[in-house]
Structures are given as C-alpha cells and as structure tokens.
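Shared chain: chain A. Partners: chain B in the first complex, chain C in the second.
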Partner chain A sequence: MTDLTSPFSQVPAGLPRRAFLRVAGASAATAGLVLAGCGKTDTPPVVNSNILYLGSTSTSAADVDAGLLNYFFLLKQLEAAFYQRVVDALPTDLPPAERAFFSDLRDHELVHRETLRYALGNRAYDAAAAQPLPFDFSSLTLTTRAGVLAAAQQLEDLGVAAYAGALRLVRTPDLVALVAKMSSVEARHAALLRDLRTPGSFAGDDVVVNAGVLQSVSLAKTPAQVIAEAKAFFLPIVVSTDLLPTA
Partner chain B sequence: MNLFSLLDQLSAVDASPDAAPRRQLLRQLGRAGARAAVAALPMALALPAHATPTDTSLDGIRILLQLEDLLVAFYTQALAAPALTASIPTAQRPDFERLLIQQQNHAGFWRSVLSAAGITPPPVRPASGYDFSGRRSNLANPELFPGVMTNYDAFLQLAQQLEDASASIYLGQISAFTNDKQLLEATLRLQIVKARHASHVRTLRRTTAAVASAVKSWPSKVDPAPSPAIVVPSPAGGTAAPVSIYSFEAKETQVVSGTNEVPFLGVLTGPTAVQYSALSEAFDEPLPTRQATALLEIFG
Partner chain C sequence: MDLFKIFSEIEKIDGEVYERFDTRRRVFKHLTGLGKTITAATMPALLSTMFNKAYGQTSGLSPEIKNTLNLALQLEYLEFHFYDTALNTPDLIPASDRPAVTIIRDDELGHINAIKGLLSTDAIPDPTRLAFDYTAGGRLAPFSSSAEFYGTAQGFVDTGMRAYKGGATKLMPNKDILTAALNIHSVEARHSAHVRLMRRVLAGSTNGGDIAGGPGNANPKSWISLTERDGPRPSVTAPVYGPGNTTDFPGEDNVQQGGKNVQTTATYPTIPGVTLTDAMKAAAASEAFDEPLDDGTVKSIARNFRSPLGERLGLFA
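Here is the complex of A and B:
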C-alpha cells in the first residue's frame, strides 16, 4: 500500500488471516475496507473504492458480534470526536452552567468508545490502522449554542435509535448487557439535550413510537437507516452495512 | 397485597385436565412475544425459530409489569393530588401527563404479551391501593417518604429514585429474555424510554425545584444523596444493612466477559483522560431481581 490519501495507508502488508481489517485494492487511489470475520475465505466478498464494510459473511456468533460491535464502535468514535471538537472550542454563547454538560458528555463517550474498542480487541475495524478514521463535521454549525445543541441532539437520538434497532442482534448475552448499560446513559444524554433545546421534549413522539402494539417504546432504526443519516460525517469514506445481520 | 403470581396461575392451569400442559403454555408465550412484536417491527424479517421460553422470561415479565403498574399509580395519584398539583409549575404538568401515558402503554404492552399467550394478566389495581408514603397503607407505620403527594420537591425526589430504579430494573431483567429476540428487543426499547424519563426528572430537579438539587441527568457519585433514600437489601445478604439503590450505580469497573475487565486507567490517559466520576456515570447499572422485588413491595 502506498496510498497516501487513506487514513489506513499504514496498514502493514501480510495481515494475519483472521485480521478483521481488510485493506484491498492495489492501486494507489483506492482503499476498500472490509470488516469481516473472514473465516471461510481470504477474499473479501466485495471490494470497492473507499467503502468501509461493517460486518461479515460469516454467521458465527463471534463474527456477528464483531460486526455489530464495530458498528456501535464507529458511532461512538463519531460522537467522541464530535464532543471533543465542541469542548475544544465551546460556543461563546454557551452559558457556563451548560459547559459542564459537554465536558461530561465528552468523557462518557470516550469511556464508551474505549470499552467497545477493548471488547473488540484486534477485531476493531481500525485495529491495524495508523490513525483513526477522520470525521467530517463541516455540515454542522459548531460556533453557536443552537448549532451545537442541534447537532448533539441529532447524534444522541441517532445513537439511541441505533441501539434500539440492533442491540438485540448481538449473540453474546454478556455483551448485550454491557452495551445496554451504555445505551441507557445514551438515552439520558439525548433527553437532556432535547430538554435543553425544548423543555419537556425528553421523550417526544419523534423518538418514541406513538401508535401500535409497541406504543411508547423507543424508536428504532436499522443500521442502514442510521448510517444513511450519518453518511456526511464519514465522507469520503462510504460506510456499508450490507454485511450486518438484520435478524 | 394482591401479589400477582404467574407461577400460581400456571400451576392452576396444570391442575385442570383440559388445560394445556405448563410447558405448552410457556411455548405459547414465546410465540405471543413474536406476534406482538412482528406487527410493529420493520426489522423482524425471517424470524428465527424460538428457543424454548423458560420460567425466567415469565418471571421477568411479572416484575416489569409490576413495576409499570407502580409507576402508573404514582403519577395517577400525583396528578390528582390537589396540594401537589398546585405546586407543579403549569408548564411542567404535561411532562407528568406524558410520563403517565407512556408508562400506561408500557403496562399495556406487557399485559398484551400475557394475554396473547393465553395467560390472564393481573387486573389493574386502583392507584389508591399503593402507598407512596412508605407506610404500607397502615398509619401506625413510620412515614418513610413524607410529603410526597403534597410537596413538589419531595415528590420529585422520589420520582427521580423511582425512574432511576426503573431503568435499572429493566437492565436487570434483560437476561430473562436472552432466548426470545422479540421480547429482548421490546425490553431494550422500553428500557431506553425509562432512561429518558429518569433523565428528565433529574433535569427538573436541577432546574426548577424550589430546593434546587445539583443532581446531574445521570446518576453520579458527585450527586447529593437523596434523603430519604429508597433502600433495598444489601447484596451482601445476611444481616448487612440495607443499601441505597445508588450503591449499585457507584460501580467503577466493567468487564467485557468473565473477569476480563476494561483497563480504563490504562487506556483513558493523556488526551483521552476523563474525570474519574465519568467511569461510573457512563454506565447505568442493573438492579438485581432480589432488590427490585424488595423495592416494588415498599409501595404496594
């Protein structure tokens, strides 16, 4: 690999067979990444330029869980990077009482991120990468209180819906229990940010199902829906959830 | 106390010559969960065959329904208490109405799961059957939670503890649904709403109570401890003194499996260093079944 444009350009050649970071594409312009538990084949099922594949064609519990945890891990990296950006340059119109919230939010997301990274070990999609995936926050307004709160609420509500939509698919009960404890605090974050923007909107009808058998349970989104909403943050990398389980 | 006993019902069914055997009833419950969930789940395609449900999932439902009924009674009483409602800021009354409606729907969900399984759910008891003073409906008993239905601060403080406990009780029952993905998903999604509720009540305490309390929107070791606090049996058992529900939240270590602990102090250093209090704040902790059951029995 001599690709100097990819954050993963330092991945060494000759990755072990069980490596879960797959760097493909010999040309200098491409870096297709597959996070696969390639138990059966050394050839990633699909290789495209700049596509980050979450998941695996393998249906073993360990591989399914690695794919889903990588999905949660990627979202945590995104949130942690977002809050780091916010606390590094707090909006000047953010009242002092609210500054502490962002310090806590940043800390919690770092704790979550490192918990997931540790749980994944060498299965973390970027375990062999020289640098973490950079995120593109250029679509956000981070210089005003309103802009920061809106963006934070969007990310937290999305994170909550991601857990609601995919945590049940994790096969290892201990991991379900561990991630649920983070999901619960994520929901507390989302409620706080919503209340800061609009008091009383903590569990509004846009984040809680308001009809049918599951009335008043959390809104849930599939990995594909979540990634579609977050795709601007990953550019120029395109994240694919095609290999994540749906049931 | 009209304690709903699912196991009693099941044995009653067994005693009837025409009734389905208990095992069959348990299987039906699994299918009922599937039916209830499939109707509304966009992702529930190609459902895998269910593992055989166990007593555990029924016990989980029993506790969670009992919890929801308690919360419904709490907000029903509160919204009808003249002195209390007079002290709730007008703008906040809809918040409690929302809390009530959502928990009514949660209770309704669990009842529908039981009904679909052919099990008669426990009847909804009148809200007046619960006693949130902690006197257990006996005026001779000491009042553990004075002024809860007359004073907004006292009410909010108990509401915070009940909502935090709810999020934790749901976390504690997740393992009951390991073998039923539909009920597991419902439980996880209900738990999330509990956490949103708990966050909001804490935000209200911090920002609007007459006696402002510097609680965060998540349990924290730097929160002022509630007083009076809900106490539950110590996990140490025996004659150990009862403990606050927040003693469980103080946990500062996490394991990814077995004894494999996340080395927080090793990985959260330098640019990723965090405040020490974040280690416990970042995780809500389950309230074990024994403590959950004890808590539910305090009020009714």
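Here is the complex of A and C:
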C-alpha cells in the first residue's frame, strides 16, 4: 500500500518518519514481530527494547498528525481484533437478538481500522511489519454475555474518551473531519453496549460529565491515560505516548 | 481624576466608546442606585465595574466561531423545549422511558449552558417554547403518541450530531471550543443510539435493527444505516440523512472516505455460516461513519420547526 496517491497529502510521504516506531529487538524475539517503520533517513530502530513509541520528536504538522493517527489506528486494531475474537466464538448465553450487534460492531471497527491504515500509508507504525501486533485478551472473560459486554463497554467508552481528549491535538482539518466521523459512531457503540448491560445507562454520569464551564460533555482522556488503561492488551509490548503532543 | 479626559483618550482608539456605555445604561442605573455618595475611595472600583460591563463580557470570538456556536445553541433550544414539552405531556412517554428522556432533556440544558458560557453576551437568548412549532406546519404530530415522539426525536438528535460535525473544522482556531463542540456532539450520538433503541423496543424488534431501519424506518439500528429510508417521517426527515449543499457533505449512505471506497478497502473476513452480501457491506461501510452537514442545510431543516414567533425572531436565518 502506498500513500503517494493518498488524499491525505497533508501528510507528505517524503518527510522523516523518525520515531513513529522505535521498536523492538526484544519484542521481535518474544512476540515474533519484526516491526519497522523507518526509511533510510531515519534513526535506526532502538534495539533491545520492546517499547512502541507512538509519535515523533518532529513538531511538523504532518509528523504530529501521523503520530496521533497511529494512536487512533492502534486502538482500532485493538477493537477490531477484540470483536473478531467475540464473533468467532459468541458466548452461548448471548441471545439471538443480540448477535447481530457484534457483527456490526466488528464490521465498523474493521472499516475504521482500514480507513486509518489507508490514511497513514507507509507511515502506519506497522507498515513494514511481517504480521500485525498481537493483542493479549487473557484478562477478559469472553465466554459469557456479561463478560463480553463488560469488555466491549470498556473498550468503547475508552475509545470515545480517547477521541474526546486527542482530536483537538490533530492539526490538519481534513483529518479532524475524518476522525470526527468515526468518533460519534464510537459513541453510538458505547451507548448501545451500556444499555445492553445496564438499561438506561447510555449517557451515564461516569462518561457524560461537567468540565469547567462545560456541562454534559463527553469524558475526555489524554493518550497517556488511555494507553495506561489499555496496557494489559499490548503485553509484552509497552506502548509509550511520550512522543505524542500534549497540547 | 478627569473622567472625560479618560473617555476622550479611549475614543482615540475605540470610536464606539460612548455607544458601549450608552447601550449599557444599566451600568449607570447600578451606579446611581447605590444610594450613597461616590467618594474618591470607591471611584476606582466603580469605574472598574463600568468598564468591565462595557468591554469585559463579549466572548472575543471570531464571527465564524460565534455564528457556528449560535447555530448550535439554537438547535439545543429547539431540542430542549421539544423534550421538555414531551415530559410535560401526560401519558405520552412510557413510564419506563421517562428517566432516559429526562436525562436527554437535562443534557440538552447542559449543552445550552455550556455554549452560553462560551459565547457570553454573544449568545442568542432562549427564544422560549413559543418560538417553536414541533408539528412542522402540521406535517408531524410528535406529542400524539410515543412512536411519533421518538420518530421526531431521532430526526432532531441526528440533525444535531451532523450539525456539530459540520461546524467542527470552523472551530479549529480555538482548540477549547473545538473540544467542547466535539464532546457535546458525541453525547448527541449517545442520545441518538438510545432513541433508536427505544424505537426498536416500541416496534417489538427481535433483531437489533434492520439495514436502513427497515420498512418505514420503524426498526432502526443504533447507528445511521444508509439514508435510513429517508428517516422516520420522510416528508420532514429526508434531508436529515441526505446530502448537504456541497460535495463536501455527502449523504449518510456515503462510502467514500478520504477519497477511498471503504466498502471495498476494508477486508471482511469469511465468517462460517454467514454470507456477506454487497448490500450488507455497503450498509456497514456507511454505518461506520456519521457524516457532517453544512449549516445551510441544517438551518433549512430547522426552519421547519419555527413558529411565527421564531420566524420573527430570525431563528435559523
């Protein structure tokens, strides 16, 4: 896949992709990954580390945005993998009326993931990876309706909070517009899952909050907060947001 | 202290200084109403108050941001009074749904307060319930049954969601306001998902919703699927799901994202026992994205709901 013809030409292909990814000799050994996102002008990958750095030391708009898109992309990969796992082995106590929800959710996340991958082109953190990052779902109970709903709600609420906290950091208007189109669908997902779990909790006050002068707005989390909550899924890789912008 | 000299100096850089004070006569009323002698000691504090009233309370936002926020504010007034009227209409909302509708109504009030806080004195004041005609000139009867109420509600929440999204990039010069709008807009999306769930329950749905909401859009999914067969009440809701005024604002059935057809880009793995048809893929590709709507189209939808008073007040003009 190339981004030479990408409409996202605001992210020029020629700029250094330094530090999108400084992964990971040890991870390659432990997880069977060979991840590299660096062209010949880039800093060589950091070896003997299993840290995946999202973002870049560059402050150009293109590099900042690519770092943030990689952050969203990683979360989408996580969600898509999660729903695929669920759809592959639906809990036996999931009523037939609720099964279609999960194939829809899986489809939406796949579409989001592929859209972001396309937007990133060869700037995707795993563009040169032999295989995608595996996710560790061993902390979840995926054999029961209750377990699946709890996990799905956690991921979707986290996704909504991630957009709420990080969309403001994206500098290219077309990319803000593109990601915003997905962010409200994420909120729809979250609302449905919450209602399935606890009827009437679609806009509970743990996720719809007052913040300063603002009332009834989505809870927002920084990339660091989001990744911290999701860190168990990335093991043995440690995802770092240190190179993402904070303002 | 020579007050007139101060004003004269200000006039050199702000020709409208006298007008600012003149249109804020309450400031002077407040001053004279103190009922005590203005002493040299109290004068600085009083002057400070006066100047704050004259200069300190406008939002200082650009016209484009103000217009975008004021359109959003008018839509929030429209929504708030809609839910508030429904909650005050006996036997309209099933008892089991009243808590949810109350949450939605209260969130809309929260959004009103939030936007008013951002706009300060630039905020359009609440035009009151009397400014709105929720029958859209006799085409709808939203307070006649819960089905009619929820159908109209779905049109409102989805319009609001698309309107915020359409205005988002205009707010980018002010990151805090961009964040506020986007984070209000995702709450609207949560509301929409719930209204759609209530509609499914009402319809006795057993499948989680049909593509495009099925016949009469009576069995909608929690997300916008294609153009929702023109929505719950097509004579009014068709433009809610249709395209906007320019090619930047395609309809909700759009599958071109960032110049790419996501229906064909995305990989749909084979699922045992399930055959994915092209129609299903098109639906999923459209559902995965909520589309923005331009302010012109949003206003034309909203103008359906102006009463003569609302028209006189220039709502959604």
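By our rule, the second predicted complex is superposed on the first by the 196 of 247 C-alpha atoms of A that agree within 3 Å, B and C clash if a C-alpha of one lies under 4 Å from a C-alpha of the other, contacts with A are read in each partner's own complex, and residues count from 1 in each chain.
Operating definition for what follows: contacts are C-beta pairs under 8 Å (C-beta built on N, C-alpha and C of every residue); 3 or more make two chains touch, one makes a residue touch a chain.
Everything numeric here is computed off the predicted structure, so don't read it as measured data.
Participant: For the combined arrangement obtained by superposing on chain A, do chain B and chain C clash, or do they fit?
Facilitator: With chain A aligned, chain B runs into chain C, so clash.
Participant: So in the superposed three-chain picture, is A:T222 touching just chain B, just chain C, both, or none of them (first/second/both/neither)?
Facilitator: It touches chain B, and chain C stays clear.
Participant: Using the superposition on chain A described above, determine whether A:L78 touches chain B (first), chain C (second), both, or neither.
Facilitator: In the superposition, A:L78 touches no partner, neither chain B nor chain C.
Participant: Pick one for A:A177: touches chain B only (first), chain C only (second), both, or neither.
Facilitator: both
Participant: Taking the superposition on A as described, I'd like to know which of chain B and chain C A:A230 touches: first, second, both or neither.
Facilitator: neither
Participant: In the overlaid three-chain picture, which partner chain does A:T115 touch, first (chain B) or second (chain C), both, or neither?
Facilitator: In the superposition, A:T115 touches chain B and chain C alike.
Participant: Once the structures are superposed on A, label A:V87 by its partner contacts, choosing first (chain B), second (chain C), both or neither.
Facilitator: The second partner, chain C, only.
Participant: In the superposed arrangement, which partner chain does A:T246 touch: chain B (first), chain C (second), both, or neither?
Facilitator: first
Participant: Could you say whether A:E98 touches chain B, chain C, both of them, or neither, answering first, second, both or neither?
Facilitator: In the superposed model, A:E98 contacts chain C only, not chain B.
Participant: Which residues would you name on chain A as touching chain B in one complex and chain C in the other?
Facilitator: Touching chain B in the first complex and chain C in the second, residues 103-104, 107-108, 110-112, 114-115, 118-119, 160, 163-164, 167-168, 173-174, 176-178, 180-185, 187-192, 195, 200, 202-203, 208, 213-218, 220 of chain A appear in both lists.
Participant: Spell out the part of chain B that touches chain A in their complex, as residue ranges.
Facilitator: By the definition above, chain B touches chain A via 36-37, 39-48, 91-92, 94-95, 98, 101-103, 105-106, 108-109, 112, 167, 171, 174-175, 178, 181, 184-186, 188-200, 202-203, 216-218, 254-257, 262-264, 267-268, 272, 274-275, 278-279, 281-286.
Participant: Which chain A residues qualify as touching chain C in the complex?
Facilitator: Counting only chain A, the residues touching chain C are 6-8, 84, 87, 96-101, 103-104, 107-108, 110-115, 118-119, 160, 163-164, 167-168, 173-174, 176-178, 180-192, 195, 200, 202-203, 208, 210, 213-218, 220.
Participant: Of all residues in chain C, which touch chain A in the complex?
Facilitator: Per the touch definition, chain C meets chain A at residues 99-100, 103-104, 106-111, 113-114, 117-118, 161, 165, 168-169, 172, 175-176, 178-180, 182-194, 197, 205-209, 221-223, 257-260, 262, 265-269, 271, 274, 281, 284-285, 287-292.
Participant: Spell out the part of chain A that touches chain B in their complex, as residue ranges.
Facilitator: Spelled out, the residues of chain A in touch with chain B are 103-104, 106-108, 110-112, 114-115, 117-119, 160, 163-165, 167-169, 172-178, 180-185, 187-192, 195, 199-200, 202-203, 207-209, 212-218, 220, 222, 246-247.
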